[in-house]
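You will see chain A twice below: alongside chain B first, and alongside chain C after that.
Presenting the complex of A and B:
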């Protein structure tokens, strides 16, 4: 069986791409490992235009239902390999392989985690990875930011507009960020406190985050009570498919694409957080938009080149 | 009163920008002439991710409610002039003027209409301006396309995947489009019929489109029964503010912006259909995403430069 399009990734970008692909009448298979991607575990979302507040999982479930109703096929699975053969692609999961005329890589970018027990359980319940998404919730509260690079300092500055107290926890002797961001952080005075050469050893909380255990005591205490914890220690874009397909990466390691999500490999289109199209601004709304764009380019590609794949494909 | 941000335009881009701007705590005024922009009159929308089907007006009303709840101020009005003075902007409507530190131009692009009686009344009820949005509804139906350029021929090819019969009505002796698109159109055979040197004189229908009256009779009849009419005779981006502010335009006459919606004039950010970011692919989801991006850049700009405007502003 040869699909017109295989979309890898079932987050906002992949689901939006599937909705559009089906409107273009592309015979589409969506394969994903973690349904809903990052959004599904983001908790309450207040910046999805059109919904004052919606649970991330619900939003993803609604997109999935819409994609299914439009005719998309959705399978759970981990894609381990994509191989280009003439004008066709072979997409391998751990259990099977399918043919495709075009491929959309909506594989996201893994935010680096602390990899501590309790971290996953409390994600969205005090533990967060996106200040612009979740910062405003902590008005007049005490929060900690783990980081040390520019993103974390910018994150602290963002949080300072809401939170009452912010601890910036860094392994280094001091944070390193653009001067303008460092200056701004200093301007917050005592509101921001830097805990240098310190790591989070433990995340404590039952139903929600209650406190952190630090590697180095602060004011004589290893335990630091906080309402929120933000982790900004970078992203790891997945390079697996880039290596397999010979895709070019940008200077930050993201898949390189033009405005229409075309790559250097005809027939391969990334979408969502797998690309860095908006300079690190990564939201559900941008992911969904880029998914729609990638589907449009895939449609254009399949209309022009799809028959070359049918000719070659034997299965 | 000096606003941090004035957003001109109350369509999907402007409303989404307002939602994001308020999350950034920018003191934001949204001024628009036609609430909901093109979307509000688009009828049922099936490609807004997360809603299997939603009325365009309802979607815009939901975004408006969300922007208001977030703290945005929304006023109805026609902005006739934007003037930059040092680091501030003066925004003039027909009745008043306000100060702003930054401006988002979510002014859309006027699709050219036929300017016939009944056209506005039947928009979304048989009369459409976007094949990708509304084409699939006409499966096995008879439709007409008014145009003659590349967009209209591509539109016909798109419609041919759904409709049973398509009339391409053009004032010219023949349509002019990219060879590949012309070839594809010819490949549809009798399904597509070209009515050359013909204009639509009248749009007939009570509650929905029923037929067209042509300037030149077809098979002895001036009246042509159709289920749908698509108009693809180009866009007219509004150059008023570009002229007033000295904004650069791209080769198609749209406001020129980088990926972050920054223009050659610091503090001015376009969004939505006013830019041509995705090569003519203009959807609610892309407009909303670009609105969010423009708000993010405006926030960044105001944080760095806003105080310079406060210093100058006397009102």
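Presenting the complex of A and C:
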């Protein structure tokens, strides 16, 4: 069987693309490794139009329900390879392979790590990357958040519900976040301290995290004792499928696409955080918008070229 | 914030294994694991380590780490929601 469209990724972009693709009557399969993508771990979302506040997981569950109701097929799995064969695509997971006339890459991006010695060894043992998952484990403890963007400030506000003391370590002069999130952080008073123009130089601990060595001393000490460290320093694009398909990348390594999400490889359309449109402004609403655009272009492509794939598939 | 009960022992009795899941209220992988158990009629006991300090200590001792979920299947500790490993431990055959 050949699908009209295979969408890789079950986050906001992939699910939005599936909803649109089904409205275009494309026979669509959605494959994803982690349901909900980054949105599912985002915690409370207050800027999704139509909802004053909605939990990220709930939002993704609602999108999934909508995609299923529209007729999309969703499978859990990790796609390891995409191969273009004439006018068709072979999409391989660890367990199976499927044929498609067009592919949408809603693959998101990879969380950036500090790349410090000991970081990997202490991951889960004091070093964490999902604040909504592991933040509450640090109830009444002292924690640090590394980062200077909106996610880190939002993360600090989340941690403030649980932790006794939070240090926000940023290499910038001050964090840059949505004003509403900055105001909330300031309202926590002395519970939150900002260590500006500071970087983590070392992660110290044997069986678990014990302290951080800072690039700039804090209260006369280079070493800061903490129970937990949360890292929110952004994302890097995943180039796996770009290499496999010969897709062009932009100057920052993201998948290069025009305004309609067309790439240099006909039939391949990226969406969501895998694309660096909107000057790096990455939101659920922008991811969903790019998913809708990618589905529209995939529909146009399949309508004009789909029969070529059917010919090859049956030959 | 999502609110869930601190402990939630469901009523399914098909699984003979004693399953304990250590969670936080906002952890999506914990939620995915619980949905997996429900889909497969696996009875489990949930312990919210954000509020239950003893459960938190137990989890850290058992798993030697602080990430959730931690799932105890008859004494075998699974860190994170590892669908394949859980299927093997619970003989679910998927």
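Following the convention adopted for this analysis, the second predicted complex is superposed on the first by the 193 of 315 C-alpha atoms of A that agree within 3 Å, B and C clash if a C-alpha of one lies under 4 Å from a C-alpha of the other, contacts with A are read in each partner's own complex, and residues count from 1 in each chain.
Note that in this section a contact is a pair of C-beta atoms (placed from the backbone, for glycine too) under 8 Å apart; a residue touches a chain by one contact, two chains touch by 3 or more.
Worth saying up front: this structure is predicted, and the values here are computed from it rather than measured.
**Student:** Contacts for A:137 in the overlay, against chain B (first) and chain C (second): which applies, first, second, both or neither?
**Tutor:** second
**Student:** Answer with first, second, both or neither: which of chain B and chain C does A:278 touch in the superposed model?
**Tutor:** first
**Student:** Just to be sure I read the superposition right, which of the two partners does A:23 touch: chain B = first, chain C = second, or both, or neither?
**Tutor:** Only chain B is touched by A:23; chain C is not.
**Student:** In the overlay, work out which of chain B or chain C sits against more residues of chain A.
**Tutor:** B
**Student:** So, A:95: does it touch chain B (first), chain C (second), both, or neither?
**Tutor:** Touch status of A:95: no partner.
**Student:** Could you say whether A:293 touches chain B, chain C, both of them, or neither, answering first, second, both or neither?
**Tutor:** Once the two structures are laid over each other on A, A:293 reaches chain B alone.
**Student:** For A:126, is the partner it touches chain B (first), chain C (second), both, or none of the two (neither)?
**Tutor:** In the superposition, A:126 touches chain C alone.
**Student:** In the overlay, answer first, second, both or neither for which of chain B and chain C A:41 touches.
**Tutor:** Only chain C is touched by A:41; chain B is not.
**Student:** Who does A:304 touch here: chain B (first), chain C (second), both, or neither?
**Tutor:** first
**Student:** Which of the two partners, first being chain B and second being chain C, lies in contact with A:161: first, second, both, or neither?
**Tutor:** Both partners, chain B and chain C.
**Student:** Share the list of chain A residues that count as touching for chain B in one structure and for chain C in the other.
**Tutor:** 132, 136, 161
**Student:** Help me check something: in the complex, which residues belonging to chain A touch chain C?
**Tutor:** That would be residues 35-36, 40-41, 43-44, 55-58, 76, 123-126, 128, 130, 132-139, 158, 161-162, 207-208, 228 of chain A.
**Student:** What does chain C use to touch chain A in their complex?
**Tutor:** Listed in rising order, the residues are 1-2, 24-32, 49-51, 53, 56, 64-68, 79, 83.
**Student:** Which chain B residues qualify as touching chain A in the complex?
**Tutor:** 12, 15-16, 19-20, 23, 25, 46-52, 54, 59, 62-63, 65-66, 69-70, 132, 136, 161, 180, 259-260, 277-279, 281, 283, 285-286, 288-293, 296, 303-304
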